[in-house]
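Please go over the structures that come below.
Common to both upcoming complexes is subunit A, partnered first by subunit B, then by subunit C.
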Partner chain A sequence: MKITSEEIQYIAKLAKLDFTEEEAVVFAKEFDSILSHFDNLDREDYTNTDMRERENAISVFRDDEVQPFKDQEELFQNAKSKRESYLELPKIVE
Partner chain B sequence: MKVEAMRIQDIQKGYKEKNFSAIEITKDYLDRARKFDGSIKAFISLNEDAALRDAEAIDARMLKGEEVGLLAGIPIAIKDNICTRGMKTTCASKMLEDFVPPYDATVVKKLKEAGAIIIGKTNMDEFAMGSSTENSAFTATKNPWDTTKVPGGSSGGSAAAVAAGFAPLAFGSDTGGSIRQPASFCGLVGLKPTYGLVSRYGLIAFGSSLDQIGPFTRTVEDCALSLQAIQGQDSMDTTSYKGKIEGQYVSELQEDIKGLRIGIPKEFFQAGLNPEIAKAMKDSMEVLEKMGAILEEFSLPIMDSALSAYYIISSAEASSNLARYDGVRYGYRSNSFEGINELIVNSRTEAFGKEVKRRIMMGTYVLSSGYYDAYYKKAMLLRSKIKDSFANAFESYDIILSPTSPILPFNIGEKLEDPLQMYLADIYTVSINIAGVPAISIPCGFSRSKLPIGLQFIGNHFSEKQLLKAAYSLEQQLGIHQVMPVLKEV
Partner chain C sequence: MVFETIIGLEIHVELATKSKIFCSCPTTFGSSPNENTCPVCTGMPGTLPVLNEEVVTLAVKAGTALSCEINRINKFDRKNYFYPDLPKAYQISQFDLPICSKGYVDVALGEKSKRINITRIHLEEDAGKLIHLEDEPISLVDYNRTGVPLIEIVTEPDLRSPEEAVAFLKTLKSILQYAEISDCKMEQGSLRCDANISIREIGTEVLNTRVEIKNLNSFKEVLKALEKEEKRQRELYQYKEEYKIQQETRKWDAAKGKTIPMRSKEESHDYRYFPEPDLKPVLIEEDFLKRAIENIPELPEERKRRIIQQHGVKEMQVDILIGQKELADYFEEVLSCGANPIEAANWITVDLLRVLKDIDISEEGVPIKANYLAKLIELVQTGKISRTAGKEIFDEMVRTDKSPEALVEEKGLSQISNTSELEKIAAEVLSQNLQAIEDYKNGKPQAIGYIMGQTMKATKGKANPQIVKEIIEEKLKKVQI
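Now for the complex of A and B:
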């Protein structure tokens, strides 16, 4: 299979990444070699196999208890900017 | 005894006999790290002040004769993708360069309760994607045995920290071999526990159905003790195991392994395996046979396709796990953008490294319409088959033996431009994560060029006790765990 740089650009759009045309060409080449390795999946027989990844999964519930976080500064330390007790964000809605 | 040669049990004995204090031990390790880490680069950050404060507190408690935890006064290093409250947790990425978690991972909480002293956060491949620790956004870690070689990855910083004697214990995460392969490259014991045995809460997610946290130590006994400290059910992780688990692993380590049935999968010993590694495996097998274990060759024909399934499943999970990094709430934000879409695209494009982008792209591709059936669905079907293959094997054998890596530690830069070659280095480790079973890598010899060789024992789900017992027996017979690398100051 041959991956084109157009396909790379389409996947990049879905993944919210941006590539220059040169980067896309390199990616396409690397993808080709990796995907052709993946083709060994076709050598397996799946007739009696089914997807049962979550067969033993049990939902776990916790009580929804309110726990006040004492140190507001610590809680908001990763916010880029703050105004009084509000998080300040760039304008993102058109 | 020099601090770099100490095992956890040596430190504990020293505390008990009042030969030294936790402050002295912690200072010694920090001094050593400051002196030699310039040439190794195991750490992203050191936690000097807090570590000394913690050591002082532990000393006070030990002096009062208080009951202290399993790892009281033991300095530890933690991979930088495990959240530590108030300490930067970067995932070795520009994306999280300034991220300071407001909470501790469950493992970190347990380690603190056990009295361990965190001396620093270790380098890794960005977001744990890689097998050489060269994909770090900050620096490449060197192998303490030969600084022109990689330490393995993705937990290469944790492995290098223990091998270089900066700490007796470090923690990493293993999604497809990221603990076992660096343990093998650095001559250490590294354990990937059964999926669900150790909580993933606070471990920054890569492949959620594959990730597990585990220890790096010099000896199997230290490994057993460390697993005891971190395991157990956790309501913060829905995949945490809810059944009964072994309470302790140390006391029965010394039992003999007479009659232990060990399966040797012949596919793990074919073309592509370095002959020096093959020879070391053969020597260890002879030792095990002499000790009364019953070795038998069998077929486990899943290896090539398992590697494909692994890269498809892990990349698919990574592409959705890493969708959260949007530049809006926390993490890196681009300076130039117009509107929400550009904010997200530019932030991600500027902050993610090449390999991370490659995995996100691969994951997005295999999940995208038109390719889902050809790749993701097939990989998931194969996952069922791989699980069955292991289940069948464990009907006949107690343990499976294989090399940890097909190759010796390679040169820095050697595989960086060829992603497929880098992926092939994980061929013996990835199927274990897909099946969710535990595996341990222990040092079993050296190459002629004095590079460590690792041997992998694979067990059935929750058979860590047996796995550790077999590893301990072999380790004691081989007697190479006291050998250490010689470091140079820069």
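Now for the complex of A and C:
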């Protein structure tokens, strides 16, 4: 796997991050090393693996019960601007 | 060249659970803004989602009702994008292992039936609601809907006209309502539809550039928006300018009756999906599956067959009854009150339907109590009141909450107020009271009171006094002495 700094810049743009060319080159190398680690997993054969036999591999469910959270004051304490109980933002134009 | 229209739909349906998909906030519609929120659905750091079991049950029921394969192992993925309606900056959805795949719906199109294939159904969380103010440079955010469970149903591009798309949607809605998966209220956004539409030359198999239309909030808008886009694209093909059709997402503006472009072209749809690390894969065990399927309520087609077989009602009428679940439920409730099925079907599909043009029964309920309609049917069938009187009482029951018996009494509509019968009785009374007639003719108007009294006595007080009075006055005028 070879990640280019152009790919880094594209992903950065999607993630709304800003990197210099130098940073992008460094990240490209680091991405590469992470992805090559995943290549190890690809070399394993999982065809006969049944997730059901793996302890803790399967989702646990919650009952459909309502338990309201009451402290909206605290929940939205970091909101920069509110109008009544709405959060207020600069207008988003599509 | 002859062209055909190719339409595929993506339908988002809010599941009828009490709590959200990954937290215990209520899913109630119409709460005050941001009332139904908690650290989980607002994406606070350190919180973890826990899957609501009922969501899986309802999705399995939906998949089964739509003849899908249920994927016994499915999983959640993160769909990453930035928008203020999504506090986590990713939506938990399903990407490569959805809960259901490969289903179909048979849609009745006039005499014929057409099979519309379903590609997949996946689970996801709903996003919040944004309100863009008109007069200020402000948008308001309400996270109540964030985390409400959704299924997204994706169809194959099997639909060939806007009418077919609407017919499919109606059938789908009816199935989902019967299966009690969602209330499917388009006006409240619990059923939402996006449409992909393109044009191609008949006989070819290519799929040309398509346009996605969002924000279709009623069947009427689906029809209008698709007809408009279909016309635009067909004209471009006719003038060989089809290269002007771009793959894009457009938003339907119902007020202006046109579509407007939504997302800028350069922003490619790269959602960088990856497996959701906070949730384990979902395993649907055999007994879970069995339980979910066993508990699916009777679906429209089954109900139709049963009503025809069990009650002998005409197919055309049954189609009307099952077309709206509330109506079919009402019909069977009337029957359970002892009404004759054929008569009940007639009253509901003719008289009630006339009244329902102005009433939304999914909101307000049927305006006549089932036991009242059953009683009315009995009164007419046993000849206690005439059919005409029955219709009068029916209309009155729509307006008031009175029982048919009370109305028969009040309006004097029992059969004995039938004019011809009363005329006979009055004639007989007159022929036995010649003295009274003579008195009347000799200027004693009070004699009429005596004759009326005798007539009332003859009918054991069941006659409508107003009608009796008119009949007697009429007859006395004609008497020559």
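Assume the second predicted complex is superposed on the first by the 50 of 94 C-alpha atoms of A that agree within 3 Å, B and C clash if a C-alpha of one lies under 4 Å from a C-alpha of the other, contacts with A are read in each partner's own complex, and residues count from 1 in each chain.
Rule of thumb we're sticking to: a residue touches a chain if its C-beta (ideal position, glycine included) is under 8 Å from a C-beta of that chain, and two chains touch if they have at least 3 such contacts.
Quick caveat: nothing in here was measured; it's all calculated off a predicted structure.
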item	value
Partner chain(s) touched by A:52 [first = subunit B, second = subunit C, both, neither]	both
Residue contacts with subunit A in the superposition, subunit B compared against subunit C	B
Which of subunit B and subunit C A:14 touches, first, second, both or neither	both
Partner chain(s) touched by A:89 [first = subunit B, second = subunit C, both, neither]	both
Which of subunit B and subunit C A:37 touches, first, second, both or neither	first
Contacts of A:6 with subunit B and subunit C, given as first, second, both or neither	neither
Touching partner for A:60 - first (subunit B), second (subunit C), both, neither	both
Subunit B versus subunit C as contact partner of A:72, first or second or both or neither	second
First (subunit B), second (subunit C), both or neither touched by A:27	first
Overlap of subunit C and subunit B interfaces on subunit A (superposed complexes)	11, 14-16, 51-52, 57-60, 62, 69, 75, 89-90, 92-94
Subunit B - residues contacting subunit A, complex	86, 98-100, 102, 209, 235, 238-240, 242, 304-305, 307-309, 311-312, 319, 323, 326, 328-331, 333, 337, 339-341, 343-346, 348-349, 352, 357-358, 360-362, 364-365, 368, 375, 377-385, 419-420, 423
Touching residues (chain side subunit C, partner subunit A) in the complex	17-19, 23-26, 32-39, 42, 44, 50-56, 73, 80, 82-84, 130-133, 136-143, 251, 262-263, 270, 272, 279-283
Touching residues (chain side subunit A, partner subunit C) in the complex	11, 14-16, 51-52, 56-69, 72, 75-76, 83-94
Of subunit A, residues touching subunit B in the complex	8, 11-12, 14-19, 27, 30-31, 33-34, 37-38, 40-44, 46, 49-53, 57-60, 62, 69, 74-75, 77-80, 89-90, 92-94
